[in-house]
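Shared chain: chain A. Partners: chain B in the first complex, chain C in the second.
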Partner chain A sequence: MIELENISYTYKDNSPGGNVALDDVSLKVKEGEMWGIIGHTGSGKSTLLEIMSGLLRPNSGRVLFKGEDITEAKSPISALKGKVGLVFQYPEHQLFEESVIKDISFGPKNMGCTEDECIRRAREAMRLVGLGEEFENLSPFEISGGEKRRVAIAGILAMEPEVLILDEPAAGLDPEGRDKLFDMLVKIKGTFCKSIIFVSHSMDDVALYADKVMVMNKGKCITSGGVREVFGERELLLEAGLDVPQVARLIAQLNEKGHSFTDAVLTVEEAFRAIYDKLKG
Partner chain B sequence: MLRDITIGQYYNTKSFIHSLDPRCKIISLAVMMVVIFMASSLAEYAVAITVTCLIIILSKVELSYILKGMKPVWLLVVFTALINVFMGGGERVIFSFFVLKVTEESVYLAVSMMLRVILLVTVSTLLTLTTSPTVLTTGIEKLLKPLEKVKFPSHEVAMMMSIALRFIPTLTEEADKIIKAQAARGNDIESGGMTKKIKGMIPLFVPLFVSAFRRADDLAMAMECRNYTGGVNRTSYKRLEYKKGDWIAYIFMGALLAFTVIYHTVGFLL
Partner chain C sequence: MLRCENVTFVYKNEEGEGRKVLDNINLNIEKGSFVAILGRNGSGKSTLAKHFNAVLIPDEGKVYVNETPTDDEKKLSDIRKSVGMVFQNPDNQIVATTVCEDVAFGLENLGVPFDEMHKRVDDALRAVGMYEYKNAQPHLLSGGQKQRVAIAGVIAMESECIVFDEPTAMLDPKGRKEVMETIKKLNSEMGITVIIITHFMEEAAKCDRVIVLDKGKIVNDGTPEEVFSKVDEITSRGLDVPQVTRLVNLLKKNGVGIKGGMLRTKECADAIDALLRERQN
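Moving on, here comes the complex of A and B:
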């Protein structure tokens, strides 16, 4: 779906030579994949997302969407025609319309959809994020924080993107809201939306919901691949100021004490199975 | 694009101008403003430009940094110049077109207006570039202190100003983010006609105002939580004291003001 080839990006600011945000980053996202991007604050994750969605043009390197180079286009974001949707961090801060349904229709309206099509898409998006019909005519400023976030995500989904990109979608949500959000993302991936890429600071969320992980450190991609392989390299993650999921840490500590669990334990469920089998066997 | 706004930002370095007392710098800025506004002849403009350049050199602020701060006011500068060129009136017509006529006087007026705006923005930018907001506020508060006798809330005004200055970078950053977020939803403010552009502003302004109010509310709450009650009997961490450099600056500025006033009156008398 999306391919990044040797992307570099430098912010021009007052420091000599500018501020290098990305340095030779490559990534290949296939259809049906759920990618988690992890990295320390300032490691270039957000810049990467903005380049993927066509908001920024990389200084060098190519971005291919379905084999088509969008970096050559006059405006990368128009070249994508809304096929790559980007949900920013705290997306609820961008709501502005007088009613929820109007706000969600903003994206499709900009794409040139007819009034009926806008409403249809907005209703469909609301259904996907689990907002009932009763929300349609409420003001987006009078609903709760979690609902606002869902309205904002619906605003992107209404554009029916084939790739959905989210920057820390669970930031500031309570545990229940977080679980609901990720369950919703898993469900969305089966619809028009074929691939999802999300940034997270929680290794546990990434272990639980992503199939592939990319690890960023200081503007470089230090490793990427399947969740199990990447979380198997704890030293590398520690070096980048990150760590493995808590359960994997627990298993590692048990192994240090002389047990012999396999490294492929990432979730509570898996750990339960492994420990249960060991106690029985 | 919005990251380029440098008004209200502090440029951290050590220089003679940086080390001056804020009160001295504020009064000097006032003097500079008078000098710039009174300037009407070539010689006076030359003096104003020279002094401004001198301040820039003494402040050790990179020229590119100041020029970058000029970017947002370019439009205003060009606009004032154009209006003055065409509407300035005057006798010696260079050429005329329809109701518009360009005269020697109007060209002179346009150039001098342009110079005035550029110089004014430069010197006021220099004040904030060389003075950290906290120091600047203490300076303003001290200068306004005498007005307290007539019930003027000098501390509150100073506090309001410092908060406003403090939030310029925060709000520009926020605006930058909102522009991007709405662009991701297909909001286009770069192309299209004027009406389309103005319409494209609504999705930017509403969230920006909402967030500004939210921030103001949070800040008010945080200040109250720390028992902030205003200026009564408040002491300051940084005590302001005049040093030798300040007196030198005062003497220089006094001389400059005297020169301008005398030159101006003499010019009129001749």
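Moving on, here comes the complex of A and C:
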């Protein structure tokens, strides 16, 4: 779907040579994949998302969407309109319309869809994020925080992007809201939206919901691949200021005590299975 | 230090319709304690926190800070000096162009003499481990560092109690750890009373006392071990328990003889190690 080839990007500031945000980063996102991007603050994650969605043009390297080089386009963002949707951090701060349905229709309206088509798409997007009809005419300012975030995500989905990119989609949500949001993303990935890429600071969420992980450190991708492989590289993650889920730490400690668990344990259920089998098996 | 007596608070909209956000809260927080407040989004946590330093005054009942009722307007500046607050977004809390000016901001406003101001700023920066960044520009710091500067600003005011409203929600794992370690130190070494609102259960597990709010009422109050051992109830309140607690609960439910309510990776690893060794013999 989306391919990044040797992307570099430098923010121009007063320092000689500027501020290098991305240094030779490559990534290949295939159809059907859910990618989690992790890295400490300032590691280049957000810049990467902005390049992937066409908001920024890289200084060097290419961005390919289904094989087509969009860095060549006059305006990368128009070339990706309706193909790649970007949901910013705390997207609910950007709601502005007087009703939920109007807010969600804004994107398709801007793309030149007819009014009927706008409404159809907005309703479909609301269905995908789990907002009932009763929300249509409410003001986006009189609903709860979790609902607002759903409205904001629906606003992007109404443009029917084939790739959805989200910057910390669960930040500030309570555990239940967080689980619901990720369950919803998993479901969305089976519709017009074929691939999802999200940035997260929660290793637990990435372990639970992503199938591929990319790790950023100081503007470089230091490792990427299947979620189990990546979380197996505990030392590398710690070096990058990150961590592994608590149960993975537990299993590592048990292995240090001389037990032999596989390193591939990422969730509570997997840890339970592994330990239970050894105790009762 | 802090006492709530039958505190009820209602948010009213323009039409005068009210929503009861706090419903008859009774609470006593001892000087020097380290308390976590948990609850789903909208449960009343932040509203309660705003009562602790008279940002909000209860509609019914009273809040006392060191036995001074918060509705005593003549004592307002004393109350605000005793109880400081640190919020979620570090970027919204930084006002000056260098770290030391930022920490000094509150003191300047109070008219603290120059020499004393310098001493207090230096001491506060040392307490949060940011002294070496004294002359740095805040926007060049990481999220965790910015948050520590915000904390230093409150310490410089010599507050006896600091209320943290999701202080780590926007930070990466390293920043989260930095900030939690700083907070823990303020409590154990300087005797500052700490109240922390969080959605991270591993952080709550580090406190001495956990209070759970749901629909504006206190539904649970005890040590982290006591509160988190009620895994099913906590989950039904939209919350979570630390991963190892959930793991131990699963093992118990399946007939493994292990103590419930465990919170820390190490104690859990020790217990499972003992069980595995027992079985091998």
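We take it that the second predicted complex is superposed on the first by the 281 of 281 C-alpha atoms of A that agree within 3 Å, B and C clash if a C-alpha of one lies under 4 Å from a C-alpha of the other, contacts with A are read in each partner's own complex, and residues count from 1 in each chain.
Simple rule for what comes next: a contact is a pair of C-beta atoms (placed from the backbone, for glycine too) under 8 Å apart; a residue touches a chain by one contact, two chains touch by 3 or more.
This is a predicted model, so every value here is computed, not measured.
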Partner chain in contact with A:R127 - chain B first, chain C second, else both or neither: neither
Partner chain(s) touched by A:K187 [first = chain B, second = chain C, both, neither]: neither
Which superposed partner A:A271 touches (first chain B, second chain C, both, neither): second
Chain B versus chain C as contact partner of A:K66, first or second or both or neither: neither
Touching partner for A:F106 - first (chain B), second (chain C), both, neither: first
Partner touching more residues of chain A, whether chain B or chain C: C
First (chain B), second (chain C), both or neither touched by A:K30: neither
Chain C contact footprint on chain A (complex, rising order): 39-42, 142, 144-146, 171-178, 201, 203-204, 241-243, 245-247, 249-250, 253-254, 257, 259, 268-269, 271-272, 275-276, 278-280
Interface residues, chain B side, partner chain A - complex: 3, 62, 65, 174, 177-178, 180-188, 190, 202-203, 206-207, 210-211
Sites on chain C touched by chain A in the complex: 13, 39-42, 88, 142-144, 166, 169-176, 199, 201-202, 238-240, 242-244, 246-247, 250-251, 254, 256, 265-266, 268-269, 272-273, 275-276, 279
Chain B partner contacts - residues on chain A that touch it in the complex: 13-14, 50, 53, 55, 75, 77, 82, 85-86, 88, 91, 93-96, 106-107, 110-111, 141, 155-156, 159
